[in-house]
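In the two complexes below, subunit A is the common chain; its partner is subunit B in one and subunit C in the other.
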Partner chain A sequence: MDRIHEVIRDTATPSWVESVPRNFGDPAAGSLKADEWRTMATIYLPIALISLWGEGTTHTSPDLASSFRQVLDHTMDLVQAVYLAGTCTTTESRTSAYRDYIISWLSKLRILHPTSNYRTNFHMALHVADFLCLFGPVRSWWCFPFERLIGQLQRLPSNSKFG
Partner chain B sequence: MFSAFARSAKLKQWIARPDCPAFLKECKRYFDKAFSTLPEDSNRVGDSAFSAIPAELRDIIPAGLKVAVRARHLHDGVVFSRSKTHVGNSLIMYYPNGNRSNPPIPAEIENIVVGTDQRYTYVVRRQLPAPPGTVDPFASYLHFPAKIFSSKISNVLEAVSPDWVMTHYARWKLDDDRVIVLDLSRVSKFLPHSMRPSHSFRRINGAGRNIQGILYHYSH
Partner chain C sequence: MGVSRRMGDLLLGLLTTLLRAAFTDPKKPELTVRQQSILAQIPRTLDTALKKFHLETQITTYAVCPSCHSIYPPVIDTESDNPQYPQKCTNLPFPDSEICGTKLLDSDDRSKPLKTFVYHSFHDFLAGLLARPDLEQAMDNACDVRMTSIRNGDVSPAYVADIFEGEYVSTFEGPEPGHLFIDRPGTEGRYLFALNFDFFTTERKTIRGADASCGIISAACVNLPLNIRYKPENMYIAIVPGPEHPSLTELNHYVRPLVDDMSVSWERGVKYSQTANYPEGRETRSAVACGVCDLPGGRQFSATANFNSHHYCTRCHCYHVETRGRTDTDSPDWRPKDPVDQRQKAEAWRDAPSRAEQERLFTDHGLRWSPLWILPYWDPARMLVVDTMHCLFEGLAQYHFREVLKLTKTEAEAAEEVSAAFIFEFSIPTDNDIIAQRLEASDIKEIIKIHQLLVAVVEGANNAEVSTNLQKFTKRLEGKHLKPLQFVSKSLQLQIDSVGKRITKCQYAEALVAWVSSCPF
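Up next is the complex of A and B:
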């Protein structure tokens, strides 16, 4: 976690990249919003994890190094899938790469993290590849505009009474 | 409230279309002027700001011009800054000489100058490549566009036109010798160069405005 905090604090990013809580993971930071998760998954987490566990890093034993590398490669399957899905253009080869990454991530999930459970979202993530073919890049049909509207509604002053 | 939201979204979409009446576009310009924090003409420089070329820039700016040094420049809806104003906004991936057939390279904007013709030029120093033999742990991940570079920047100053810039990059210092450079483009990293949209900043920068998705039906 220290490395992730360090990367969030010290990475130089342009002002259009939305910030994420510097104390990510602490109870005080609260839970991340969807867009903050996207920034974490495509910028800060991969930089932090690859710099800790990637090729060229040293660990106390070869077994530990191999285990970290497996977890890293598994996480990077998801990171690369998110990156490909979030691009503003798409191609058949990218769509196919997205599907391969998601399948690879799902097939290794219960092996590397035996206590985890499959969720409905995982099934839905597989269908995103079909939607990329049918509707084009996710920016054309993602729900962030509606999330923005919900945010506006939530910020409206109210007396907490229904009706 | 939902109706107002939907109407404003439709209006924005209409104004972004090329066949929108000029009158409406003019109205938008006045609205932006009145309410936006960075109005469209924030790039315009008054006559009194121009002076002789600073000594350190004489080798790369044509002699005889009068220039003004600026802290930032708004180009196609994206803010670029010199490094001492905002490091993150000064890190750019650009195509040398605007030649898009080669991959873009990372550089840091040291100065932004504007001539009396209101043309902007970025004075940049390239991020030097990592020394030969450096292990790049990012090379294993084809669809994550990060790479190891040297933490040093070039001694050579270069003049870059804003149109040559592709996007910003994020930079994190791994140790004293190496930095991680992450290309923040959201559009063209894995497209063949011939298929890249030529003016695609609003699609690249993730700012969420005027984004139009493009689906290329081909394989590579």
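Up next is the complex of A and C:
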């Protein structure tokens, strides 16, 4: 955790990258928003986890090192998928790469983490690839603008009376 | 400006007062005729101002049944010009049930419905967009640019930058078979919309939890370029009144007016008498390109089975919750559902004679009737998209990092498992020890913790690192209580030279560290 906090504090990010809570993981930080998860998953966590578990790190036993490495590779499958899904333009090769990463992530999930449960989202994530083909990049068909509209409506002053 | 009606009325009032004060000449208290006419022209209320400039939006206020959510359009009484609503709800919630019969109107004020649903006419909204020359130009341009590139043979571009370059738009046939929707005949406008449905809490999220929540149906015109597409003034909004969620197909009542408008627009087209770029008027046709919702919202919007049911996917034939982890995408189960077949199933549900029959059909097919089926092109397998924001960012990423890798502070503190470097048989306090040294339950727990610490791995690449880690280690031992430290040292028969009368915790800790360092492992 300390390493993650260090990475969040020390990484220089371009200004268009939204900031994430510095006390990530703390109950006081609250739950992260979708965009914050995206930033965490594509920038901070890969840096932190690779520096902890990746090539060139030392662990007490080779077994531990290789199991960390497997978990890291598995995590990177998801990181790649999230990155590919968020690109501004789509191509056929990116879409098929996305599909492969999700399949690889999903098939290794139960092997590496036997206690995890499958959720509908996992299945739907595979279909995201189909919709990438049909509609192009996600920014023209994701919920962000609609959710933002809801945020604006919520901020409208009201007299707290319903109806 | 974003001011409310009351504030607008106040501003108009203030303007009148200011002008009157400016016009008044101390020597001549009477205003001239010209000044009086200027003052008289300023409207008293904002409503009058909007009416003067024909800026009112065309809205229909439906009466809503408070128990079954069916909606009733107003009947305008020609004499009084007041909207009239039926007294009681005449809806059949289920084909074989009794008439709902709930009172719709306020018992004091007979003309006022208890609950209302304000529907903003979709045609009026589109007219608003077309009244701006830049928007109208951009919306038509999107169709023309894509059509030109398709005619030039560039059907599937290598880099897809927007929805219009995607496969869906390039294959979506318009009302005339054989012609693409975006292939607009003559001056006719062809517009595609992304529909969204979601619930939200009106009072924002509080610690006490959400009580009142509303539904929202919104739409954005995907013909517009991305940078202005989602501006609030360019989006269509209809609010589904709360405070409770309409359940299952009850939402259908609220979706119906919008779908009816869309259906008219598809089949007949809507002719506007005047738009910004076409003073003589023009025909337009609009269609839904995709439904963008999160999983629960999307399922209710399209009246399909809940995402935790066996029919968990709206796109493919995968069935049963236990199969949600399957990755064999080459299997025939992964082919998209057929819209013709789906439509038949939805119609069968609608026309079923009894509630039991409807339930049976639903269990088999996992879908109910939704007004969206009125649209001849509705195909949930292709048009109901999986929202990436909810599914990937909030779903998979959150799940992976929080639940699987357990990257949270509480987990980090709880899971401070120390891995053992060697095994040593420590002596555990016996009953005699406990009585003799007056050890408490917490002391015994600490003794076990100290045992774990003593065999723990002391990491470090070189001597300097090892020694700093050993120092940290000593500090951690010092943090324990005196009695447990005493017990462990005694059980290991460590010799400690007492400087003063009593042996300090610090000394115990140092002795224990010395013992660890001297261990042959």
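Methods note: the second predicted complex is superposed on the first by the 156 of 163 C-alpha atoms of A that agree within 3 Å, B and C clash if a C-alpha of one lies under 4 Å from a C-alpha of the other, contacts with A are read in each partner's own complex, and residues count from 1 in each chain.
Methods note: a contact is a pair of C-beta atoms (placed from the backbone, for glycine too) under 8 Å apart; a residue touches a chain by one contact, two chains touch by 3 or more.
This is a predicted model, so every value here is computed, not measured.
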| item | value |
| --- | --- |
| Partners on subunit A (subunit B, subunit C) - clash or fit | clash |
| Contacts of A:12 with subunit B and subunit C, given as first, second, both or neither | first |
| Which of subunit B and subunit C A:153 touches, first, second, both or neither | both |
| Which of subunit B and subunit C A:145 touches, first, second, both or neither | both |
| Contacts of A:20 with subunit B and subunit C, given as first, second, both or neither | neither |
| Contacts of A:45 with subunit B and subunit C, given as first, second, both or neither | second |
| Subunit B versus subunit C as contact partner of A:90, first or second or both or neither | both |
| Residue contacts with subunit A in the superposition, subunit B compared against subunit C | C |
| Common ground on subunit A, meaning residues reached by subunit C in one complex and by subunit B in the other | 86, 88-92, 136-137, 139-140, 144-145, 149, 152-153 |
| Residue numbers on subunit A that touch subunit C, as the complex places them | 1, 4, 23-27, 32-35, 37-38, 40-41, 45, 58, 60, 64, 71, 75, 78, 81-82, 85-86, 88-92, 99, 103, 105-107, 109-110, 113, 116, 118-128, 130-131, 133-150, 152-155, 157-158, 160, 162-163 |
| Residue ranges of subunit C in contact with subunit A within the complex | 4, 115, 158-168, 194, 196, 198, 200-204, 212, 216, 218, 220, 222, 226, 229-230, 232, 235, 237, 241-243, 289-290, 292-295, 307-308, 312-313, 315-316, 318, 324-327, 329, 336, 382, 385-401, 403-405, 407-410, 412, 419, 421, 457, 459, 461 |
| Touching residues on subunit A, where the partner in the complex is subunit B | 7, 10-17, 43, 46-47, 50-51, 54-57, 73, 76, 79-80, 83-84, 86-94, 97, 101, 136-137, 139-140, 144-145, 149, 152-153, 156 |
| Subunit A-touching residues of subunit B, taken from the complex the two chains share | 1-2, 5, 9, 78-79, 86-89, 91, 135-146, 168, 170-174, 180, 182, 184, 186-191, 197, 200, 203-208, 211-220 |
